[in-house]
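A, B, C and D label the chains in the order they appear, each numbered from 1.
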Amino acid sequence: MIDFKNVTATFSDNAGIFDLTFHIEKGEIVFLMGPTGAGKSTVLRAIYMDIPVQKGRIIIDGVDISKIKKRKIPFFRRSIGTIFQDFKLLNDRTVFENVALPLHINGVSRKVINRKVHEVLERIGLLDLKKERPTNISGGEQQRIAIARALVKDPKVILADEPTGNLDLVTSDEIVDLLDSATQGGAAVLMATHNFPLIRPRHKRFIELSEGRQLA
Amino acid sequence: MIDFKNVTATFSDNAGIFDLTFHIEKGEIVFLMGPTGAGKSTVLRAIYMDIPVQKGRIIIDGVDISKIKKRKIPFFRRSIGTIFQDFKLLNDRTVFENVALPLHINGVSRKVINRKVHEVLERIGLLDLKKERPTNISGGEQQRIAIARALVKDPKVILADEPTGNLDLVTSDEIVDLLDSATQGGAAVLMATHNFPLIRPRHKRFIELSEGRQLA
Amino acid sequence: MISKAAFLVFEGFRALVRAKVPAIISSITIFITLMIFSIAYFGYINLKGYSLEFRKQYRIDVFFDASLDRDQCLDIFNSILLIDGIEQGDFIDRDRAAKIFERYFHKDVTEIVGTNPLPLGGKFEVAPEYRDVRIMSAIADKIRLINGVDLTVFQSGLIKKIDGFLDNLLTLAFIIGGAILIVSIIMVSNTIRLTIHSKRGDISTLRLLGATDRFIKLPFIIEGILQGLGGALLSLMTLWLFYLLMQYLQGYMRTYLISPELLIPGNIIIGMSLGLIGSYRGISKYLK
Amino acid sequence: MISKAAFLVFEGFRALVRAKVPAIISSITIFITLMIFSIAYFGYINLKGYSLEFRKQYRIDVFFDASLDRDQCLDIFNSILLIDGIEQGDFIDRDRAAKIFERYFHKDVTEIVGTNPLPLGGKFEVAPEYRDVRIMSAIADKIRLINGVDLTVFQSGLIKKIDGFLDNLLTLAFIIGGAILIVSIIMVSNTIRLTIHSKRGDISTLRLLGATDRFIKLPFIIEGILQGLGGALLSLMTLWLFYLLMQYLQGYMRTYLISPELLIPGNIIIGMSLGLIGSYRGISKYLK
């Protein structure tokens, strides 16, 4: 589902990712580990085409993304559910509207949107906040809204960038469970995190980065 | 240094903090624990006067802050070093300028500013990034810049809201060390966090919140 | 697809409410633009009105051969009336001529001369569309060729002067009008660009979520059109007050007012077009 | 304190560079405002110029008693010249009168009458500051009281018409000018408010860091003044091109140009003031 072949994407000589190669199967969850500044976000940004790739190929669901025409990038992004490290919630909309947004972009009918958004807000336990603005809820609540927004469209690929940084251990565990359960539907999940204690008990595969390079 | 007396500050009937009473000494570091949405950020925001207090009194360095005139709030805030949960870095300035900002606000001379900013960037290990914009550095790097900005003015009171959410364990530990060492200079530090494993080995006092109320 | 289009239209409406400051400022900009337009147009039709009024006084004076009698003169007078462009004429017999004499010399001609030796003649007015130096000169030349016409006087000097003056004014009015048009479009699209600039973070997020440019643009454009409508309504309200003022001043100075049948749809259409063009330009530039 | 003030001034400069889009748009707004100002002023001095030129033709005609001889008439003529407001005069003897007769009747008076029975008179021009219907009527009345003056003619009808026309135009110009002034200030401060709006997040962060309102305001105000200067320089460059065009057109239509000694400092001062007032209003409203 996600296939990196000798991928190099750099901002400067010593910042970015260098010669990464890995593969993530349909229905698999993989953790991307590494200290701060290691290049985890850069890996994810390369996948959702936010930054250019200098060398190598990234193949998502059988498609070499460097071959995707500029005009088609939005359609490619719709198949990916991204949880951004800085949430990127829209502060001028309610929680409900934020979560509904990807469905509107995908052209889903209002009735279905209503049902799906309620469903996902229920699942992350924030249905009570649906009428609040992101500025009026706590950091951890914002983070979970960002997660709900990524999951609501049942994407084939889920990219989660530090999705538990603002959550306590119990809630973090629930979130990882949620991401894990998405793999049952066939999604491939790539989750960047530093929280080793969180993922250790799960015995899942992880990719370790250091200074932009793969360890082991 | 920080004195809460039956403080209630609410957004609605069931969101906010209720009847909190605690005391933090000069030179003491205290952790504010609790799950997401427990009210940790609300405690800190009440201290730096970002939200109004409905009941009770908050006394900082001997001053009842409800008595501070509106015109004097900026001067009160200058004595506090705050690390915001969402960093609040200014994206149109370099890292250096961001860290220098509180010193400019305090009217420190350019020469002293230069020395102090270099010193603190050195200490958090990000001197290399001094000319970068916050948008061009990683999440963890941004977080450390936010920490540097709070520490650079040697404040009497340090409020840290989840300062390690985007940092790996090793770096997180270094940051807590840094905050801890600030207490040697006489500062009172209040750090909100969910990361219990991080603070457990330190055997420091902590205050535990749940749904806006103090536990134990 | 229909539900998506409906969503985008709805988004445009809600954007107005969500970001009130920029929306209000854009509406005010369009309002001001429309006010400038309306007042400039008001100035223009007044200039035009004054100009036409002045040109009403343009006329051709004709004198007949002294040897002709009154009836012969009248025949020639009537034949001149048939010339293309001549609208009406005024036959000047001896009595009329004496009155003219009195106007310039303030004496009765028969009193100082004993008889009335003044020549017969006619004054001719030309139709509005012929009130122009070149055309009137041509008509005067034509009259001059008629048998029995002693002299044709067309005060081309004075007329040229007035014509030149009015033309200068109208040229100026047109330069200013053109400038206002360009300026308005720049102004409105700049204002809307600023409101878009203040939402740049949200726009980049929408893109990362897979929104197409069309999806991002449409709400801005609909918002722009609504802002244009808002500005137009504001301007109509203000112009209504201006009308009341002008009607009150009508006693003191003559003014030509724009008819409401032109003003109301004109303002609404121009306002909405400005909002449309401004937001389209603004968002397109931004997304490039 | 000095280093802080220097920092804030420096911040204002850097803000220009940091947020280029809003800075450019604000400068363009001020530029456009100044262009409108300059062109409106240009229109105004042209109107004024045309008006003065027309008023040059205002004059008072005097006829003397038929019983007086040439020398007596000349004495009266000279005494009229001494009246306050009379600038110069033209004595009209029998020959001049005959020429006037010819101008209106296109015949030689001696030829049709035998002698020249026309009255003696004078034409008087008034000094520029007296060229006004009311004042000239008063002067005409004064002349009428002089012994030996038979008749004073002051074409108050025509003059009133022209005066009225010019006054209407100038009133219109003033209304438009006043409107432009108000509009410009609103426009500039709205534009700057939008740029401030797009930095609202940063402003709230500065407040949380302990910045006083003064600390937040000053860079915006300095930025505003610099944007005003930028707009002024842009407008001066454009006006220079406009001057070249006008100089070229000078052959085709008479225009009065604004002197550069007025235009250059005028634009710079007004531009910087607009930037100052606009940013001050904008940021003050925002911080309230």
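The working rule: contacts are C-beta pairs under 8 Å (C-beta built on N, C-alpha and C of every residue); 3 or more make two chains touch, one makes a residue touch a chain.
Since this is a predicted model, take the numbers as computed values, not measurements.
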By mean C-alpha coordinates, which chain is most distant from chain B? C
Interchain centroid distance [CA atoms averaged], chain A/chain C, Å: 62
Report the inter-chain centroid distance for chain A and chain D in whole angstrom, where each centroid is the mean of the CA atoms. 66
Cα centroid separation, chain A vs chain B, in Å, comes to 29
So what shape is it, when you link every pair of chains that touch: line, ring, star, complete or other? ring
Pairwise chain contacts, counting only pairs that touch as defined: A-B, A-C, B-D, C-D
What residues of chain B sit close enough to touch chain A in their complex? 11, 34-37, 41, 85-86, 136-141, 143-144, 161-162, 165-171, 194, 196-197
In the complex, chain C touches chain D at residues 21-22, 25, 28-29, 32, 35-36, 39-40, 43, 46-47, 50, 54, 63, 66, 97, 100-101, 104-107, 112-113, 117-119, 150-151, 153, 164-165, 167-169, 171-172, 175-176, 179-180, 183, 186-187, 190-191, 193-195, 197-198, 253-255
Chain B-facing residues of chain D, complex: 1, 3-4, 6-7, 18-19, 201-202, 205-212, 215
Quick one: which bits of chain B touch chain D in the complex? Just the residue numbers, please. 48, 50, 74-78, 80, 82, 84, 88, 90, 92-93, 101-102, 104-110, 149
